[in-house]
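There are two complexes below, and they share chain A, which is joined by chain B in the first and by chain C in the second.
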Partner chain A sequence: MTAVTLIHGLNLAAIYGLMAIGISILWSSVGMINMAHGATFAASGYAAWQVSLIAQPLINTWFGTGLDASLVMGATMVASGLVAGALFGGLIFMLAYLPIHEKANFAVRSLIVTLAINLATVQLLLFFFGPRQRALPKIFGFGRTEILGISVRNDQIGTIVATAILMLVVVIWLKRSRKGLEITAMMQNPEGAVLSGISVRWTALPVTMLTGALAGLAAILLSQTVFVSPTAGALPLIKGLTIALLGGLGSLPGAIMGAILIGFLEAIVGSISFLGQRYVLFSQFLFIITVLIIRPRGLGGLLDETRESRNV
Partner chain B sequence: MSEMKKLYEIGNRPREVFLSPDGHRPVHKSRVPFSRRHWLKWRSQYNPRSLKLEKRLADKKPLWWLLSLGLLAVVTPFLSNSAITVASIFCMFAAINVLWTLIIGTAGIFSLATLAVVGVSGYAAAAFNVYLGVPWPFMFAIGCLTGLVAGGFLALPSTRLDGLYFALLTLGIVEICRVFVQQLKSLGATNGSINQVDSFIPSDWFLQREGLLLGFAGAFLLLLGALLMFKLVNSERLGMLLRTARDEEAFAEAIGIDYRRARLMVFMVSSAGLGIIGAFYAMYYRSISPSIFSLDQLLLLFAMIVIGGIGRADGAVIGTAIVVLIDKGLLDLGPIRILLVAAIMLLVTLLTNNGLVGARDQFRNFRNRKKSEARARRTEKGGEVMPEEATDMLDKQEIFYRRFNKRLRDELKQLITPELIEEHRAKPLGRHSDALSRVLNYFRRSEMPDKYAIMRQPENFNHYKIVALSGERGAPPRLVDDRLYESLDEAYHAVFLLRVNDLLES
Partner chain C sequence: MVHEILKIEGLSAGYGPLRVLHEIDFSVNEGERIGLVGLNGHGKSTLMRSVMSLVGWQNGSIKIKGQEIGGARSTGAGRRTHAIVQMGVALTPQGDAIFPGMTVAQHLDCGAYSKIAWRERAKRRDAVMDIFPPLRKLETALVGTLSGGERRMVSVGRALMTEASLYLIDEPSLGLAPKISRSVLDALFSLPREGKAMVIAEQNVALLAGKVDRMVGMHAGRLRGDVGHVALS
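For the complex of A and B:
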């Protein structure tokens, strides 16, 4: 495995990990499979694109075109992606959680509702922005950097570092803050959490917003290498979902492990000349099917104990 | 009988259609050939009030099926060419969804590989026809066999994985099929599709009115076949086994159901059916392309089954009708129509418990609940039977007995005064005043369950406690409280007070 493949794999793992962790946290704390995660991804991409159109001239007049300007631009993009994702998460909370979370068969119902939200969002984006792809401004610049003798693209380093920092922040927030502890309690034992006075309803809102923000960030980071389009969310959604399942739904270490495995698998298969990019999805699904047949509950395998009552 | 006063029409009964058969002639019901089932579910009963024999159709669904399918078959030939195409597509997708319902509803397995089975069999049948020159009638058999094998393979992990994991696995299989077909070298020139497939529609009729009508006839037969298969599987032995095993595998296994074999069977049966549909699909369009494996198509299919309601054949057909009408019938709307489908899906899921077909029952439940809430608010029932309840009671004697009892209790409550209690306390046994003897007579007639009795304590001769009888043979009485009474008269009076208390509270 060459160093380039390694970095590429890490880069993919970072982005898929952001998606997968969002799906996994949402499932384990709220009990809902979010099929609208891809829609969040696409919508935040478009929101960031819209913000960049407005902010570009302003930033150019205030900060010129130097390093300052690109830094401010990067911060604006990341912030707008996070905010848009969080807002979309709030929308999902309003539509797919609040009205139905006390009714029977919530898991299947919320899956269907989020699927409908996904369909509707993609069509709305198509309607308003057309099928043309849009490019976000490159927030990490175009150049390459030499690290330990390996030449790496700037956006790859940026993605990996930004994801690592953000995941660390999320983990610390989950472990330290009061709301984070409530979410962790919900993930570990929903009934126990309710009995100790944690409101299910008002814990679900920050969870959906947090996972939405993660998807928004993933959108900004992935859009450094691919374009923003209405259907851009489908592939990250499928990959995030498969990784979350591969890791065992509800297990954070499992999700991270799955993301790394799948990211590297994609990078390796893509770099082998006779297989190439076309067989990436094929190989990934084959891998996941094999793993699931050997370990039916995924790598984490904790599902039996934690989520037996919420089987779909 | 003629001067019977006008009855208020309460409940659903006035709207029911009744036949009045001749009670002297024996009933003859014809059966479905080779089975012990009757065609229609006629039920005979005597009207409890007029004592006339009446015959009622307990299940009217077969009539609705006959009406709607007959209407479809009769009206479609007079429609425009594009409408005939929409009707044919509806029939094809409805057939697919009905078979899918067997897996997702009856067996409760979240399989998303339905279209993949259709596609794989369609490809196999088309390939045999185009590359090996097999004539078209054999394509059905090839499709059926391919579907059977595919179903067998799909069933293998279905007992090991559950819920979402199986859904994901089947999604992966769909994706693998799509990529595999698109990467095939021999199909590279046509972008993965097989064209020029031979068909039951003669080639000079293709896309002409005659060809469209023939295609519709075929698709309609396909739908009828799928519905027959649904009926045969769902309401016979296999369906019962599957539905028992759907929620609790361990329980099903414990009572001797081999649920693995049942699931394998249902997968193979429905996949064989899907294989035939796949061969038909390739023949109908005279080609088959990888778009059948696309995620969008799968989502649309899922939307159909969700809108109609998962688990029922009528739901699958109604949902298909709605989505196909919007998606194929309103082509002018452009991308808005998917939005419309999504909106319907959203509303149906948010508002109904199980799709549109469950809405009727849901509404009835809701209305009954509201009615009974309102009734509870406005009436003080006191044990009396309400008119709505009365229509459902077979033993009309019970109604009058309860009415009598209620009035009696109301009467007796008036008699209870401090003087009466004082009179009983002073002399529990012996001659009493008229009022007290009425009350005591009522108490003596009360039912065995929870009747109070006095129990002498075994260790002390003059110590008594009050117990309540269980009213069941073999079940011991329960202690009412721990108070100890020093004399028998005191205990008698305590029982009296308890009964008075119960009477006033009733």
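For the complex of A and C:
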């Protein structure tokens, strides 16, 4: 495996991991498969693009065009992606959780509602912005950096580092803070959580906002290599869902491990000359199906203690 | 003067078309320790869970320190449970409802979730570990890896961490070796009584004999009146 493939694999793993962790956390704590995660992705991309249009001239007048300006622009982009994702997550909470979460078959109903949100959002984005692809400002610059004798694109390094830092923050926050403990408790045993005085309804809001923010960040980071478009969320959604499933829905280490495996598989298959990009999805699904046949629970439980069976 | 912590009047509850509890009247006073005895499937757990608003449907008055929390409920099970916990009722459910991926310390902290309790969680954790000494050296162990007895201690410990005046302990001896269930119960009986009350549901009457103020029998969803503790002890 060449160094380029390695970096490419890590880069993909970072972006897919952000999506998969969001889907996984949301499923285990709220009991909802969020098909609108792709819509969150696309909407955050457009929000950041809008912000960049407004912010670019302001930043240029205040900070010039040097390194300062691009750093401020980068921070603005990341912040607007996170905020837009969190807001969209809040919207999903209002539409797909609050009205139906106590009805029978909530899992299936919410799946349908979020799928509808996803389709409607794509259509709305098409209606307002048209099918043209938009480019976000390059927040990590265009250059390449030499690391340990390997020449690496700046945006790949930026993506890997930014994701690693953010995931570390999220994992520590989930383990240490009161709010994080509340979400972890909901993930592992909803009945135990309510008996500790945790409200089911009002834990779902921070969860949807957190997972939305992760999707928003993924959108900003992936938009450094591809363009923002109304349907940009489809592929990240599919990959996020399958990785979450591969990781054993509800397991954070499982999702991270799954993202790394799928990211590297994609990078390796893409770099083999007689296979190439067109076999990427094929090989990924083949891999996931094989894993799930051998181990139906996915990777979860191999790496951590996941929840016991859901009966509340 | 005797304060009533819990007063239940005309409580019926069940799941779907099934009626488990029939017009129950029951009350618990401050400082009291009550054994709720009866066979499996006769409604002990349903009575405790309906106080926490966790059953399928319920009807009838439930008052915590004079405040009404009962009545017919139109929302789903568990929507109001957190508010009832914050009013000072802690339930250790049958089968523990533990968080398998948390360490013992984190698990106990969950019990101190209310804002006031959260600030002094370290002190409370220490107090719980005095009651259940085996937990002290397991502080960083994952709860999912513990033995049945240790899990029960963690589960009861989480309830003890809350700012509660009424503890409902559902079958603390379930599935445990006799010696271990005895030690769990002894730990419960060693708790101070002032301002608090405890109801322990148990099938094994011998475990409670002589240790509780009164025993209430339960049969087919109805209370059988007080069982005199003198005769049992």
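Things to note:
By our rule, the second predicted complex is superposed on the first by the 300 of 312 C-alpha atoms of A that agree within 3 Å, B and C clash if a C-alpha of one lies under 4 Å from a C-alpha of the other, contacts with A are read in each partner's own complex, and residues count from 1 in each chain.
Following the convention adopted for this analysis, a contact is a pair of C-beta atoms (placed from the backbone, for glycine too) under 8 Å apart; a residue touches a chain by one contact, two chains touch by 3 or more.
Everything numeric here is computed off the predicted structure, so don't read it as measured data.
By the touch criterion stated above, A:N60 is placed in contact with neither chain B nor chain C. When both complexes are overlaid on chain A, the residue A:S177 reaches neither chain B nor chain C.
Within the superposed three-chain model, A:R297 lies in touch with chain B and out of touch with chain C [touch as defined at top]. In the superposition on chain A, contact is made by A:F285 with chain B only, not with chain C.
Of the two partners chain B and chain C, more chain A residues are in touch with B. Applying the stated contact rule after C-alpha superposition, one finds that A:V200 touches chain C and leaves chain B untouched. By the touch criterion defined above, A:T2 reaches neither chain B nor chain C.
On chain A, the surface touched by chain B in one complex and the surface touched by chain C in the other have residues 312 in common.
Taken together, the chain B residues at the contact with chain A in this complex read 110, 157, 160-165, 167-169, 171-173, 175-176, 179-180, 182-183, 295, 299, 302-303, 306, 335-336, 338-339, 341-343, 345-346, 349-350, 353.
Contact residues on chain A toward chain C in their complex (touch as defined above): 101-102, 175, 178, 181-182, 184-185, 187-201, 304-308, 312. Those residues of chain A that touch chain B in the complex are listed here as 33, 95, 99-100, 103-105, 109, 112-113, 115-117, 119-120, 123-124, 126-127, 234, 238, 241-242, 245, 249, 278-279, 281-282, 285-286, 288-289, 292-293, 296-298, 311-312. Taken in their complex, chain C has these residues touching chain A: 52, 54, 75-76, 78-79, 81-83, 85-86, 90-91, 93, 96-102, 106, 109-111, 113-114, 118, 142-145, 158-159, 162.
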